Structure formats: structure tokens, C-alpha cells
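Here the structure is laid out as C-alpha cells; the discussion comes afterwards.
All chains are identified by letter, namely A, B, C, D, E, F, G and H, in their written order; residue positions are counted from 1 within each chain.
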């Protein structure tokens, strides 16, 4: 309940248009309505290209279609993650211009792409096998309105490949580092820059990588400053964190 | 080595001011000098109040004194972390104006405190026992030149205490959430704001908290967008990440 | 062996109707017969709609049919859990009125549904993916004779959705909280009510959720009072615990 | 904000005693004040002997004294847990009638002991070494106003000791089972009764008990119905859960 | 090389029947031949029905056939474990009288079944789902020449079922306890008897049973005397241990 | 209640010496009395030197003295384990002939030492640091009436030391293998003999030995036949298992 | 960029053959070119039979073909690891002389096989199931130009089989030990020789082998000197380590 | 028993100098004597400065003195590891020229220091806190007769410090990398050189470093070729592995 509505309500009580009992009844609902969430939502609305997100994994095509139909009423942009081809078909029925990326397993409807970002988000990946997670991150950042630079296959075992691109690394406003196996890349990149590094461990590896645990622990223990870690294989989450960091906003005083 | 210096060097070779052998000798150093690290350091120098940091744990008072003497030549600001009283005494011999915080176990010399930050960094803690980590984070952020707001003892078991401060939460540019036991606070805060949340699990708890593992996993699995996790009890690391996010900078195009 | 039967036996010995040797033979069986289990069973019988339960997972349709045929002699109500369509068919051959819920994977025969419960059992779930476990819990509670209220998709990342239903939460006699990922919902709910909360971690999540371990630890470390935890994905067990809590009974003095 | 106060406020607006602007200002605070927490607190107050609880571990005697002084204004009953003798002294300065239990490490002020419970809470422990946790549970339940029965040293390795007390086990309204090492006692007790069992794993054991992990897993995997688990060594938490289960209340329709 | 053969060799050297060089050549082989392994093997031979064992899992039918052909030269009895139907067919080509047990996944050729055992080996299982492991144990013990008694489906949640068979439990010379989930059965049985208990955790369970880890830890922490634990699901290993315990032998003085 | 007593009771009922009501009263106690535990205890009594065992760890000297006084009424032999010097003093006050072994931390009163064993129990240890556990095992076996042979410091890194004692290894009726670090000794010994091997992992080691976990897993995965594992550092438990294996008994048919 | 080339460049600047701007352009590339990586590559080139390696797992046949085509320009030798038959076909299209080993899952093109090794690399495996890993190691070592000896199926449970080959074990310059289950073989071999042992745990085993964790911990805790461990199932990595140890080289002073 | 001795024995039998019975008696000892261990020991003797090693941790000063006295008869060089000052005093009583390093906790007697090494062993450490482990490694390598180069405090967070010493890194014959926290240094170094890297994880770190587990997993998952891992904090073991790699030897054909 916005202040305007509240003012109107009190005025109606004052003028006797509604009784005190009726006023109390309506105000009882106030605590949750006015928790400010509405404001958040409005705020979100202001950034017109903020997409609605559907986590497709574990949902049937029917469920997805139903959800997308609801979203279609209000949203111009849609992001489906962990989507298999069936999920894509389900979305494409409602949004025929949806685009599918089979590597990142994303479905994107990006009709309105004003920029929300201050600078570039750079996505770095260690190996070829990390690409699905890296692409999920890159595409997510793009559909949320950010400019993305991709720097792939630059793992620490051949560190000169990484250093050959120092300029691009230095130019980024936020860096997402995607790495499996021993995950050392986040520490090395974190040591090279003075900007936030979002580290994404991947489940790439075998044996004692324990499905990403090794890379996760490596990243959490990074001795470089400015590294924040997200869940294993969570390219989407990494991009969301990078996006809120890179987001244009007026600082409230 | 900057391009200007390089150009000068080549000109001197061309004009015979220095010999080719001398030029080679100087260029041999190039790979490491010009890796850009120098630039980083110079850049760091520009922000005058960037402190030098000493991780005191496991160092003898003698070692600390020796390190501080070296730092005293160039630095105006010093931050000692995980410092016991002996470590403080060792620093205070060189910097008599050093201040000790026995809760956060920090030693601070803050002679030059220009602001580096865009907005406020808010430090939220769940329980009283999380204070040492929260304070380490808050003090670190301050000595790195950021404005800090503290909101303590607002765990999710009494969630109204948290909600009573929604305005301060919404106003922050970056939020550090410090929580042990089940660590659920990061998810709740992450769901309330549209700004980056740096989550710090603490080793507070007993039994199946497994020294912070429970809170760590909770935070990594947070379903809220915009949450980055640092190591258990790593208040310093959280503040460093918050600081690079909140840092004033010109975006390079 | 009930006291009445024992009295009859001793009387027969006294009157010589049976010999002492015969009496001893019969009494040898006594220890286990009279351990009181019979009483439990009789007691169970008194609550007419107490169903027989079949854990279908890992059983062949043939085995299930055989079990159900035996149960059919004494039971009016049947609950099959973790049942695939084949298991349902096997039960439906004996109980043609059996109903299958493909989401909860339950088969229910509920011919006699007197109420056993004192109040309402509320089942809250965090996300859509937690529904199978939540429904297993809800259906189990119902077939055991309890009134169930369902409140789904109210995870902590959008905490206003939860608060919009405070009345239903406050009205419940027992609350089952079903949540995967970071599992923080149990703590938040536990902080809002003064009634028992049965927390069910689910294996929903990925990466460092480690198949439900993260949610499990979160719930065990809950700082809210009145939270009891059951095994990962164990909707049935949660409902059984909620049922014995909510069960009508005369307190023995 | 209670309905009465709200009604008064609206009446004052209606009568012009305060302006609409003043009313809005006051109502802005409403969301958090009226979240219903007040009601909870009032409700809590109605049960006069509900104690205030202080978790003493990690607090200095000075901090404890300060906290107790505040509590002394409103509370008649106090429960200090994980209290060493110094903590006890700190509390006893304010409450000279405080009683210390060095085994359970509890400090109790129990000036007002009306019963809150429906029936008896039975605390069962497996071995002598589990007594501190069992006593913490028993004392907590008592100070919260419940009748407690204690049955100690009845581990499964000598199962006849347990069975010798079947009557007391059957009579209880809620049962707390405290066990370390292999923790099998919870399953056995759960199989004997039709009432809620709160299982508390303890860190008693060595080697592969891994500080209570073995007992914790055993209890979570219990095949008996009606078992809820709390954190390792958490006697307090077990008693709080048992208390809300055993609590007198009018069921809301 | 037996002493007799050695004596003969030295005599031949002495008499010049073989040269010193030839003697050295032959003695070079001595260290390994005479390590006593031969004795073991001969000893094994004496017990005629000692079967040859083939672990079939991960072997192709061709490999199995080849192995069995070699074994067929010397062995009358064969035990194939973890055998699928294809493995059975492969063995049956060489041993047409081989018998397949699809539950235990064993293939048995038992042409010579003299008894090797002192008493009965009792195999107890907690639930129906533990049967494959229990049967692997029972069949292994039988084919190694021991008398086996089976007592299935007597888990601790309904402990009266177990107690109804105390006589059979007390009569056994060695007891194998097979249990998944919380694995408490081993402790209860170990507390009832004064004979060796071989405990086999099974991977039966879900969630926090972690594929048998919970049962394994329970059994290792058993507070009952006389319990030895083998690997998860290792029915074969349990039977081998039970067999060497139950084995007829002359004690060497 | 023995059959004889039962027969007497029934005869008294028959003859009217006691009433049926009195008989019922007495028989009510029957279930637990006659569970056969008495038989076990009597059986235990027959082996005169069966000691009473006190686990001293975590008990105060006062508690120990009290326990020992009770035991002194019936027992001639006493075994105290995990006993520090204070615990020894407490026992020695009641049993002045008690002997303390500071390495094994055992207190032994062995007044009656008839043999219970069929053959020799051999205790093998890998390294010097494993001696406390090995000695706890050896002394426990001795005080339970078994002949013990000790073979220490024969780890697999210098495997010839082990092989130099093949005769003693082969002669033993049961072998206890005590090893920390990688725990490979159990597999090697298990491969050399045809007798039961009781494997005891010790917490000796550092780093990735994880306090005995490495040795525990090694032993559970042993590919040798006839190996049963007990808890980490559990020398007492190993000896109890070895004792019941080595125990003289008449096999019941 | 070698010194010679650098000297030439500076001379050209000096003589005006190239402008300073052109020189700067070329020198900009210097940092990474001259980091010494080039030298490594040249060095690698000198050993003509150093193969290019493709990790095939997770790559489509199309991707593999594309990679191989690039490699075909410069390399005479190719090693594909973790290759299924489709991967082999993809390589064979470009290299028709490629050889596939379905056990080791390797594809080898070995056109140029000069020796790089100082002595023999011996590959020892414990069981038949470890063969795929052992063969991956052996083939890798061969294609890198080393002489390989294979000693398979010599696990510690039948230790005489190992000892029968002491000569071959002693003769090797580097030894790779491949073992699953309890992994004890590495310790035993490490105790027999004075040469480097590369230990490879395999995921062979079941239950508490936890997919190779047991063997991994065993090997890390080996009490024998000279054992280095690689990742679970990493036959390729073991061979690469063995190869750099066994590699001919001139020691730089 | 060497062949020469064997030949002599057989000749004495042939000539009747000893009887066949005497010969058999002597040959009985053969299997273990001639297992080749003697050869190893002799071989070891040839390298005169091979030290005897004492693991001092957990040994009393008396035990150490006793051991050292025995060693003093044959050895010129002694290495005591994990030695506290008391252990040093105990050794210094027998070897007054023993030198104590309080950082590495080593005691060294190095009277005879011929070189055993082919080239230099380089010890690299990531941070100051890793020095104790690094020094244990360096001193061990020295006392085993190898030339050691030390490169400390060159962690990946400031990677230019590492690169400033590429020449020393490239010149080493074997490299020991000592690193705690995230342990990424081993991968980076492994990617720079073509020589064996022995990786030692340290327990340096906090929180999710889990006492070295994080660094251990990182190193095991290293994507660089030629990395072998030893146990956490095992500087001694790393040096022993480096020493056998770097050891002068004649390759046997």
C-alpha cells in the first residue's frame, strides 16, 4: 500500500466515508502489502529489459508453457535456463522469436535490450569443458542488459595464454572466472586486477575433483583480494551477482 | 614500462645515446616490469589511504616489528588483522598512534582517510557471537576508505528485528552478511535487495555446524540473486570484496 | 497375551484342565507375545483409519501384489509410497478404488476416514521442485486421518509471499516445512510460530547442495526453537512425526 | 501495534485530534510493529513461567550480568545454558536464588512454576557419558513448565534394562532420546511407542563416531515412525521441541 | 620347497649328481616358493570343497568363460559373485550344473559339499531390501562348506520380531547381521549373544544414509562387544570372515 | 525366571499355595526376567575369570571408586580402560593389587586366570606409535583369559621384518592387526593366513590420515578374506571380538 | 623472442630500417613471447616424438576431427585419451594409421618413436579391474618415448605373486603403481625399492571405497619413502610424471 | 645371503665340511635374508652420507636418546624431524655437534656430505606461514646429499614475484612446491617447467581450507603435467621423493 492510498484511506475515515471498523480491516493487510516489496517491483519495472527467468530443469513442457503464457502478459524479455530442446519448443510456442543455445542450455527472448551496465562483464573460462557454464553466465549477463566480453580456454597450466590478454582483463568492470579441476584460475586473475571477481567452480574434472568440490574449496581459499564465490556450475548465479555489481544506479544518500 | 619510456629507450638506441647491449639489458627486465603490475601499484598509490595489510596470526612480535618498519617508509595507513595484544604492542612501537580493537583483533593506523567509496557498505550480523568477524569486516572496509553502517544481532529466528531496519538495508550500496549456525540470513537479505550481498559464514555454532560448514553450504546454495560467498570467518576478505565493488573508478572504454 | 487369557490359563492349571507341562509350554511364548506390542497393535486398531503402509521402491509388481493381498484381509486403508505406475497397477488389481498421485508417487486407498487429529497440519514448501516431497507428506498425513493445509512456493528469497499467509501459519497445530537448496525456510517459520516444526530437507538443488546435505545441515543448526528434522526427501517420515504429535489421545497419568 | 491502539489512532484522525500527516507518520512504523510478533510475545507472557534464556558460552561474566539485569525487570524465571561457574556467579549476583547444575551446566531461576504441559516428557539416555546433555534437556523442560521423568543408562547393548521400564516409556506424552556412539536407542524406542520421539545425538564416542556424526546419521535414518532429530549435543533444543509439542493450547479453528 | 625336497637337493649336490651351479640356480627360486604360500595352498587343497571364487562384475562373458575353463581343471566347486545372467550363461557353458540365484547374483557349482564348519552360521537381515546382500552371504557360507540358518526381516523398529527367535540367535556359532538405513540391528544382536557378530552395512536407504555410510558408522561405533565390520554391501566378505571363524582346525601349539 | 522356578510357581497355583492373582502379579515380571539375559549372565559366571570392565575416560575418581566398590562384591577380576593415574589410584584403594600400565592406560586386577581360549591371540602392530592401542588389546585379551603373543613394529614399508615371523603368524588362532597411517598391514597379514584377522585402525598419522579415517577405509576395503574391522583406536573392542572368536564353548546342536 | 632476434630488431631501429613506431609495435608483443614459453615449446620440438594429446571425453566427433586436423600440420605423433570408438573414428579419418586400444580407451599415432627415456618405466597393477588405468599409463609412457615394462595382477592379498618379480621391480627406473580397493600395493612396493614410485588410486572397489577415496588416502599416507600420488584413475597423469622423471636431459649448472 | 656365500655353503656340503642337516638349518633362514633387502641395505651403505631418520614427534627424550645411541654405532649422519627443543637436547647428548632448526623442527648431524644428487632441488613456498614445511623439505634434501635452492613467498596472488625468478625455476632438476590455502602454486609452476614437481599441501589457512584438504584437492586435480602429491605438511616425504628422483644411479639394463 503506497502512501497515496494510505492518505486516501485515512481521509475516508476522517470524512466518515468508511467506518473505523472498515478502516481497521483494510489496515490489517497493511504490514505485508507495504513491506516495500512493491517498491522493489516497481523499481524493477523501470529497467524495462529486466527479463523474467524460468529454471526449466525438472519442469515438464506443459508446466513451462503454462508459466510462459503468464509471463507473456507483462514481460518483453524471457530467460530460460537449464533448458533441453523440449523446454525450448514449449517456450517457442508462445514466443516464436525465442533463441536456443544448446551449449549453454538457455532460451532467450530479448526484445528490448537497453543497457543496464556501467562497464563490461568479462567471462573467463579455464578449459573447453567449462564452456556450458561460462556461456550460461555470458548469456544471462547479456539478457539482463550488460555488455559481455568472452575469454575462453586460458587455464593456468599454460599461463601465457592468459597473460596475452591482460588488456581485456584490466578493462573489465566485473570478471566472472569459470573453472573446474583445480580451479586455480580465480586466484591468478584475482591477483592481476583491482576489480570484483565472481568465481564459479564447475563440476568438470574426475576422481578427487569430487564433482566440483576441489575447485569450490580452492576458490573459497583464494589468497587474492576481491573474490566472491557462487555455487558449483552456477553460471546463472554468477551473472546475476556480476549484474547487480555492474548495475547503473543512483546511490541513495 | 610505459610506452613513453619504451619510446624514449628506442630513441636513445637510435641516436646512439645508449648501446644496443645496454638496450637489451634494460629490455630483459621488460617482461615482468611491464606485465602491468607496476600500473596496478601506481594506481594503488593514487588512492592515498590504501593501507598495507599484515596478517598477524602465526607471526612473532619480532617478525611483525620488522615488517612494520619496512612498511613505515611508504605507507601512511596500516591494517593488522588477527592480532593479539602482543602483535599490537609490536606495531605500536613503530606507529604509536595505532589503535587496537580486541573484539575484531585488528590494529589500525589510519592517518589518511580520504573516501574511496561510491556509497555505504552495510555490515549485518546474525548473532552476538558473530561480532568479531563482523567487526573485522567493518574496520577493514573503513580503513580502505569506505563509509560503513553496522546492523547487528538481527538473525532470522526473530525476523522482525531485521525488518525494522529495511530502510538502512535498502540504502546500502553493498551489503556484507555475517552469520554462523544455519546462515540463513544471507538468503533473506538477498531476497530483500537489488544490490550485491557478500556472505560470510562464521564458525559460530556447535554439533552439526561443523565449524562453519553448515553456514557455508547454506550461503552457497542461496536461492536469492546477487550473493557471493567468501571463506568461513573471513571478515577481511568480505570487506575487500565489498571494497572493490564499492570503489570509485573511471570505467575504461 | 492379555491378562484375561493369562488368568484363564492359570485357572485351567489350577483345575487340572491342562497339565503344568502344557502350561509351561504355553507360557514359554509369553515373553514376546506380552511385550506389550499386542497392546500397541490393538490400540492401533482402535483408530479405524490407520492405514497399512507399503514402501514400493525396489519391490517388483509381483511382490507388491502379494503384500497387498495379505493386507486386504485386515485393512481398509492402504498407503503406497515411492510408487511408480507399475506399483500402482499392482495395488489397483486388489484395490480397484486405489488412487494414484504421480507427483507424490503415492497410492492411496482411503475407505474409512475418521479424524485422528487435534488440529490442522500445515505443509509449507519453498519451491516448485520440492512439491513431490511436500505432497508425499500431505497425502500421508491425510490418509492417517489428519486435516491438512497446503502452502506452497513460499521460499525465503521472496519472503513477502510467506508473510502474506501468516494467519494460516499461526493457525496450524503442527507445521511441516519442506525445503531444498539452502533450506532456510525452516528457521524463518520456526521463528514465527510457537508450535512444533517438522523440517524436511530435500535433495533439490545442485552443486554444493550435495543432494540435500546443505539443507539438512541448515535445518539441524536452526537457531529457532521447536524444530525437529527428518531424513532428506522423507516426506512420509515428516508426516508420521507430525501425525503422532497431532494425534488425539488420552494422557495417561 | 494492537488493534486497540490502532482503533484509537483512527478515532483521533477522524476527530481531527491528529492530522492525516501525523497519522501516516505513525502508521509507517506499523508494518514491523504489527507483524504479529507482539501477539506472540503477549501470548508468551500469558504463560507466566516462560523463562528468559541466556546462552552463556562465549560470553564474559560482565556481559552476562548486564543481560541478566535487563531481564530482571520483566522475568521471574531465568535459564542459563552452557554456563561455567563464573557465569553462574554473574547471574547469582542479580538473582541470589539461582541454582547451578554443574553436570548440565545450567543456571535456573524458577520462581513461578505453573504447569504448561499436557503430559510427561520422558528423557532417556543411553550411557553415563550422555548425562550432561540429558540433564540439560530435562532441566530445560522443567523450567519451561513441564513434568519430566528421567530414565538413564539404558543403551541397546543391554536392551533388557530398557524393557524393564516399558510402562514409563509408554506413559510419556513426548520422549527425548539422548544417545552417542552408534545412537541406535532412538530407533528402538521409536519402535516401541506411538508418541513423538525427539532424538538428540551426542558427541560421546571416539574414532569413527566423528564427534557425534555417527549418532546423527543413525537417528536421521531411523526406520521407526515419529522420530525428529535436533543438533548434536543440543539438549536445550530437544527440550524446546518437546515443550512445544507437549504445550497446552487451544486449537484455533 | 619342502624340507624333504631341500634335503634331496643337498644330497644330490653332495653326491655330485648335480653341480653347485645347478644347485644355486634351483635355490634361487627358493625364497618365494618356500615362503609358505605353497603350504597354504596345499592346506587349502585338503579341504576338498573349498570353491574357487570369481568376482564377475566388470568382466565380459568371454573373460569369465576363459577363467572358468582354467578353474575347471582343478576345482570341483565354483562360486561366481555379482553375476548377471550373461555371466551365468558363460559359466554354465563350462559347468552345465551351475545354479544361478538372481537375488544374490551368485552362480554356484557345488559338487562336493563336505562340512568345514564347527557350528551354524546365522544370517540375520533387517529389511526386505537387504536380502540380496544377506543371500550373497548365506550362499557364500554354504558353498564354503558351512551350515547356514536364515532369519530375515527382523529390524529394530519392530523389535519383538527379533526376540521371537532368541533361541535360533543363541544357538548360532557365528552371526552375520545385514542391515541398511540406521544399521542398529548389529548393536542389538551383539548385546544379546556371547558369540562373534559380523556386521555388514548395506547401501539400502536414502537421503542421509549416504549409500550405506550411516549404517557403516553405526556398526563401527557399536557399544556391544564382539562386533567386527566389513565393507558396505560386502555379503561375500562377511561370509568369508564368518567361515574362517567357524572353520574346523587343529590348533597349533 | 528359569523353567524350574516357573514350574514351582505353577505347582503352587495348582495346589492353592498362592492365588491366581498372586501368580499373575509374579508372571507380569516374566517378560523381562526371562528374556534369557539371566541365562547369559549365569553362563558368564561359569567362566570364573571373566572380568568386569570400567571405561574410565570421562569419569571422576569418586565415580570410579563408587563403581569399583559395587563390583568388588561379586568380581575377582577387574579391567579399567582409558585410565589415567588418578583413575588407577581410585581403583587401587579398593583393589590394592591392581596393576597399572601407563602405555595402554589399563588397570588390571587378575586374581583368577583360568584359560578361556582355544589357541593363541596374536597382536601385530605396524609402528611404535600404535603401541598404546596394541597393548590395550593385548592386556584386554589376557585378562579375559586368553594366551597372547605380541609382534610389534612390523609395518609394510619394511616388509621383511614381518616375514621373518611367519611361523608365529601362522600359529595364531586369531590375529589382531593394529595399524595407523595407511593401515595396509591388515591386508598383507590377511593374505598370509587362513584365520580371522581383527583389524584396528589407529589415529596415528598426520595430514590426510584424518585421525584414522585413512586406515579405517583401507581396512574396510581390504581385498584379503577374513578381515573384520573395529572402531579407530578401539584396542579393547578388538580384543573382545578376538576373545569371543577364540572362546572355548560347546556348540549347541 | 630470443636475444638474437631482439638484437636484430634494435639494430634495425638504430639503422632506421624500421621506425620507432614499428619497433614499439613489435616489442608490445614481447612480454608474453619472451616469457620463456617459446623456449619451452622449442625445447619440446627438439624431442621429435613428443605427441600432441587430446582429452576426448566430452568432445563430439566433429570437435575432435577439427582439433586433429590442426594438429596434423605440425605433429607426427598423437595421443587421444578417454576415447570411445566414435572418437577413434574421428581421429582415424585424419590419421588412418591411428591405433585404438579399447581397454585403455586410447588412440595412438606413433610415427616417430625415438627414445626419450633414461631407463624403464614399470607399470604395476593390483587387480584385473585396474587394467584400464594401468594400460592408459603404459601406453602414454610409450608414446612419449619411454620403454615400458608391465607387471599386472599382483595385489597384496597374494603377496608372493609380487615377490616373484623382485628383479623386474628392482630394475625399473621409475615405477607406476595402479591400485584400487585398499591401495596398499604402493606402500609395499615403495618399501622394496629405492626409486620413485608414482601411485595411482583407482575407483575400483565398492561400498566404503567411495570411488577411490580409500585408495587415495592410503597412498597419501604411505609410510614408505619416495611415493608421489596423482588423481584417482589418472593413468595419463601418472605416466606424464613418470616421463618427466625418466627423461633424458642435460642438467643446467 | 649373497650368491658367493651360497656357493661357499654348497661347496662345504659337497666336501662334507658341514652336514646336510647343518646346511638345511642355515638355508631355512634363506627366504628372508635373501629377499634382496640386504642388497638394498648394502646399496644404501655405499652412499656414505645417507642419514638415519628419527621421527621425534610423540617420543619421550629418553626414547630418543636410546634410539640415537644405537644409531651412533653405524651412522655418521642423523636427521631428526618434528623435534621440539627437548628432543634436540636428547640427541645433542650423544651427538654434541647436532644442529637444531626451530622453524623446521629438525635436528641434523651432517658429518659426511658427499653429493648424491644429479642437479638442484628447488623448494618453492607460497607464503611465510608455509616456511616450516618448506624448510623441513629443504633440510631433509640437504642432509640426504642434494644441492638445494630456496624460493620463498611467491604465491599466485602476486604472480609477478614468481615470474621474476623463472631462470632459477627452469634450472632446477626437481621442484618441490609447498603451498597452503588454495594451493594453486603447484599448477602454475607445473605449467612453466618440463621437470618433476613434488607438491606438498600445507595445513596453512582457515575456514574452508579444512586443515589442508583444500590445497590437497587442488594439487591432486592439477591440470599441469608432471605433478606428484604427498601428504599434508609432509615436507620430509616430499624431500625423500625429490631425492630418489634426483639421485645418481647407474641404470640397470
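Following the convention adopted for this analysis, a contact is a pair of C-beta atoms (placed from the backbone, for glycine too) under 8 Å apart; a residue touches a chain by one contact, two chains touch by 3 or more.
If you're wondering where the values come from, they're calculated on a predicted model, not measured in any experiment.
Asks: Report back the single chain whose CA centre is most distant from the CA centre of subunit F.
Replies: Comparing chain centres, A lies farthest from subunit F.
Asks: Would you mind reporting the rotation angle for the C-alpha fit of subunit B onto subunit H, rounded to the nearest 5 degrees?
Replies: An angle of 90 degrees brings one copy onto the other.
Asks: State the pair with the higher C-beta contact count; candidates are E-F and D-F.
Replies: Answer by contact count: E-F.
Asks: How would the subunit A/subunit G interface be labelled, same or different, where same requires over half of its residue numbers to be shared?
Replies: Mostly different residues form this interface, as fewer than half of the numbers used are common to both chains.
Asks: Find the geometric centre of each of subunit B and subunit E from their Cα atoms only, then give the gap between the two centres in Å, rounded to an integer.
Replies: The computed centroid separation for subunit B versus subunit E comes out at 60 Å.
Asks: Averaging over Cα atoms per chain, report the distance between subunit A and subunit E in Å.
Replies: Centres of subunit A and subunit E (C-alpha means) sit 56 Å apart.
Asks: Just the number, please: Cα centre separation of subunit F and subunit H in whole Å.
Replies: One centre to the other, that is 40 Å.
Asks: Subunit G to subunit H: how many Å between their CA centres?
Replies: A distance of 25 Å separates the two centres.
Asks: Any chance you could list the residues of subunit H touching two or more other chains?
Replies: 31-32, 35, 158, 163, 192, 207-209, 213, 216, 220-221, 225, 231-232 - these are the residues of subunit H that touch more than one other chain.
Asks: Between which chains is there touch?
Replies: According to the stated criterion, the contacting chain pairs are A-B, A-C, A-D, A-G, A-H, B-C, B-D, B-G, B-H, C-D, C-E, C-F, D-E, D-F, E-F, E-G, E-H, F-G, F-H, G-H.
Asks: Please give the residue numbers of subunit E that touch subunit G in the complex, ascending.
Replies: 31-32, 35, 37, 58-59, 201, 203, 212-213, 216, 231-234
Asks: Given the complex with subunit H, which residues does subunit A contribute to the contact?
Replies: Against subunit H, subunit A makes touches at 126-127, 155-159, 181-184, 187-188, 190-192, 205, 207-210, 213-215, 217-225.
Asks: Enumerate the contact residues on subunit G facing subunit H in the complex.
Replies: 35-36, 40, 43-44, 118-119, 163, 166, 170-171, 173, 192-196, 198, 216, 220-221, 225-232, 237, 240-241, 243-245, 247, 249, 251-252
Asks: For subunit E, which residues count as touching subunit C in their complex?
Replies: By the definition above, subunit E touches subunit C via 128-129, 158, 160, 163-164, 206-209.
Asks: Which subunit H residues qualify as touching subunit E in the complex?
Replies: On the subunit H side, the touching residues are 3, 6-7, 10-11, 13-14, 16, 20, 23-24, 27, 30-32, 34-35.
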